[in-house]
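Chain IDs A, B and C follow the sequence of writing; residue 1 opens each chain.
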Amino acid sequence: MKARNIFTWLLALVLVVVGSLATTSCGPTATVEEEKVFKFAHLDGFSGEAAAWAWMSQTSMEIAVEDIEASGGLVVGGERYKIEIVKYDHAWDPSIAYTLAKKIIYKDGIKYIHVDSDEEVLAILDLTNQEKVILLPICGDLDYIDEAHPYTWLHYPLPLDSMEMMFEYCAEAHPEYHRTIGIYPDSAAGYLDDEDLTEATAHHGWEMLDSVFIPHGAPDFYGTLTPILTKEPDVIELGLTPPGQQAVIIKQARELGYDGIFMFSDTMDVAYLTEMCGIEAIEGSIASPQFVDFPTDTGKRWAERFTARYGSLQGWCAWEYDYFMLLRKAIEKADTFDTEKVNEAMDEVTFDGVFGPTMYKSQDERFLVFKDGVVEIIDGEATDVYLAYPPRMRD
Amino acid sequence: MTKRLNLIILVGIAGVFLLVVPLFVGSYWLHILILMFLNMALVAGYRLLYETGLASFAHCTFYAIGGYTSALLAIKLGLPFGICFLAAGIVPALGAVFIGRLAVRLEDIYFFLVSFALFAVVDVVLKHWVSFTGGFDGISGIPPIMGLQGEIPYYYIIMTFIAVTMFILYRLDRSRFGAELLAIGAADNLAEAVGINVVRHRTLAFAIGALFAGFAGSLYAHYAGYINPTGFSFWLTVYILIWCAVGGYRKFWGPVAAAAVLTLVCESLRVTGTMQAVLYGVVIVIVITVMPHGIAGLVDTLRERRVKAPILGWLGSFFKGD
Amino acid sequence: MIEQLALNSFVLGAIVALMSIGLVLTFSVLGVINYAHGEMYMFGAVIIFFLCSRYAAMDYALACVIAVLAVGLLGWILDKVLIVRFHGNLMAGVIATIGLLMIFQNMMWPIFGPIPKSVPSPLPGVIQILGTSLSIERIIVVGIAVFVILGMAWFIKNTRMGKAIRAVQQDIEAARVQGVNIEHICAVTFGISTGLAALAGALIAPIYIIEPAMGFLALEFAFIVIIFGGMGSIMGAFIASFIIGLQYTFTAAFWGVEWAMAMSFGIAMIVLLVRPRGLMGASGRVEEA
């Protein structure tokens, strides 16, 4: 091997390394105080099957930012800070989420992260904990918010919460429903849904006939639906199945003769499903968390603005608005961006949120306490039918 | 021996540069460099089989198996890192021998598809054998190497690993075995006729590649502390394939340099968001169009056409011979 | 239930056959594995979306024809401009088409959007026969699939162009000596192949949902078909598609759909290790590396 051969390659390598480092600037960027901008990282799947959810969250957070600016802005140490939400796309790959988390923390110097969902949370949890980064995840497992992870705060209901709410409602209004089958995505979130459904059905005396898991990208469900429909469920629970697949499952189940209802323990995008399968196909469907008319003025205004920006109402991201407002209060109470101090203030602030007063509770776990809603499609209209604190938060 | 001296000096300079990089670069870039090193090890191992004419789609599967083996041994049996690391190499290597003995007899396109099938099958097993592999939750809480935290120690550990790996594989390439592998790639019937046991050589190449992929997987697992099946995706093997083909497999340093350069390019392009993947695709198409036989091919083409431009001649002279 | 499953298998087999036949052609005639095959399928579906639901309410059949012609033309151009450099060079072809895959798929995220969409079914309605449900849509798709594939087989066997294609596949030097314009034939074949993929996408658009990543599924199925049925044989691919439809549907029903694809690959892998040329394989045109 000639020396000059290696020379060329090493030189090229060195040049590229130096060039890359130089052009994209190495090391952490300017600290928050110098530039008077508060940066917040939104780490989510902006591409891929469930990308719609990321954009919905983003819309909700942007509304919160507007409201904060309109009500005096974020004021710390006597100075007013502009809020910037920086988007990071992990494309639902946890190893990319890990790399991005390092970029967020070490290069961009951001110490407040919103992340979705379970697999990605697992990938970055140790890192954020170690670096005292305040993490606001959407996830389905209470393990991530326990004492070992003091900087993590959950603002979103667990699938179990939603299922219990729906079953409680059915106990009064639809006692004829008690047989269910779960169709869930083949992912960490899907298996959590399955565990939660098992628990919820046991609690409420329902029968869980089966559960099936759909891989990412699978388009055809005739094979899956045929055997489960022979078990004659009253309710098919769709959990965290992405919206596109929900639509196909509903359509194909109806083609195969299913005449029960669907339940959604996470998102039910009524406008989207109506467009894709027709409102008759989802007549009688029950969903939680979901809202049509918010009980408070804050909520109504949020709903109006969200619909205007996004095009349709997605009630489930109302919490992103509430938690952002709470975060602002916590930061202002601590009067610093130092995450240790802000962390202590997180459960000391309250906000009159979209469902009424809301605050974080932290004993063994740190989660937001709020009322959850159930919606049913009655005569072609989504209707609020039930509003209460989920069982986990009733104390 | 001036060339030898030059060689030593140049390697020395590069080495010193890499050694002091942590002094002026932040944790994020150290992380990227760590990933770059691991990619270099992956592609150097991959090249062994590739140069014999067989392209496998299963390389990142071995990377994943290595990572899982190491993580599971550390967590479930509490074994020390050294043993986990060794096992992480040996398990995929054995797997490669087992499947390889049969698979390498196939024509190249069928081998490619079999390896793709292997990738798909292992992928599903990792995702669904929940009691063993944790399924989609993956394995978290993987103990760090000797209790070390932070990018800097891992940077040095992985850099050392790469240096050793490069050294071993480079010597292998320069040995008779390496020459025989290239010969198989050029004309396998002829090689067989001359007495080279093609099947055995290919299986061995496959296994050695798997060995180092497994080692790399172990290092990644203990560095990141968390692994999960989605992280070892189809795209990683695609990238390894691209680096190998684009770098030009005939020279040892080709794929390795391509891996290094393209890892950094990919990361730098990340700021462009969605366009990142599109741009990467464009880069790939352009590169492979200009050099359909890798960089070695380009040079031969240049020489064939007797390109006289001085700068090209100067570049070409680097690739003469060997 | 078994009747319904058998029926589902048959329908899936037809869909898979449509998805795969183009790839078989490309490989056997051009010696290139077109990794962007799934993207051509996706383009077919996306064109239907833009023509039939969002911007115009065009007649579905007409839209299908447009989709096929447009994507076929795209394929022809791609071959002339790019792929021709890689005929017979397996690895370079793979890499170039992977590059195309990355470009085509990722450029659709901003253009099409991240939210999956659908088109209304041109023939809604479900009929019930013997205790099974079958949507009219699917019956039509099966019919078209069978017609197209048998048509392709006839075309290859009986027409002049078809014979030229076969000649190139079997012995390229001999074909050249006979005066066949190789580059022209290859470009046409590639165009036919992408057009077929687009037809599959267009027919499937009302049945499944449309999104930029939908091509992966078509690609996976096509690969499995090639392994089962061998590279060079259209009839082989056709039969293999139905076997796979059967295997996939029953695995999904009894073990779960997450195992279905893995099972397909696992069987494919074993088939290859045991019978290195696929179940009925001829091999395709690939140069000695």
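Rule of thumb we're sticking to: a residue touches a chain if its C-beta (ideal position, glycine included) is under 8 Å from a C-beta of that chain, and two chains touch if they have at least 3 such contacts.
Please read these numbers as outputs of a predicted model, since none were measured by experiment.
Contact with both chain A and chain B is made by C.
Should one ask which of A-C and B-C has more C-beta pairs in contact, the pair is B-C.
Rounded to whole angstrom units, the spacing between the C-alpha centres of chain A and chain C is 37. Note on chain placement: the centre of chain B and the centre of chain C lie 32 Å apart, centres being C-alpha means. Multi-chain contact residues of chain C (touching two or more other chains): 109, 258, 261.
Touching two or more other chains at once are residues 127-128, 274 of chain B. Counting only residues that touch two or more partner chains, chain A has 47, 186. Contact residues on chain A toward chain B in their complex (touch as defined above): 1-10, 12-14, 16-17, 20-21, 23-24, 26-28, 47, 89, 92-95, 98-99, 102-103, 105-107, 118-119, 122-123, 125-126, 130, 186-188, 190-191. Only residues 1, 4-5, 8, 11-12, 15, 109, 114-118, 126, 128, 133, 135, 204, 207-209, 211, 213-214, 216-217, 248-250, 252-254, 256-258, 260-261 of chain C touch chain A when the two sit together in their complex.
Against chain C, in their complex, chain A makes its touches with residues 46-49, 51-52, 55, 186, 212-215, 217-224, 226-227, 230, 242-245, 247-248, 255-257, 272, 275-276.
Within the complex formed with chain B, the residues of chain C that make contact are 27, 33, 82, 85-86, 89-92, 94-96, 98-103, 105-107, 109-110, 220, 223, 226-227, 231, 258-259, 261-262, 265-266, 268-269, 272-273, 276-278, 283-284, 286, 288-289.
By the touch rule above, chain B contacts chain A in their complex via residues 3-4, 6-7, 10-11, 13-14, 17, 24-29, 31-33, 35, 127-128, 130, 135-138, 140-141, 149, 174, 224-226, 228, 230-233, 251-254, 257, 260-261, 264-265, 267-268, 271, 273-274, 315, 317-319, 321-322.
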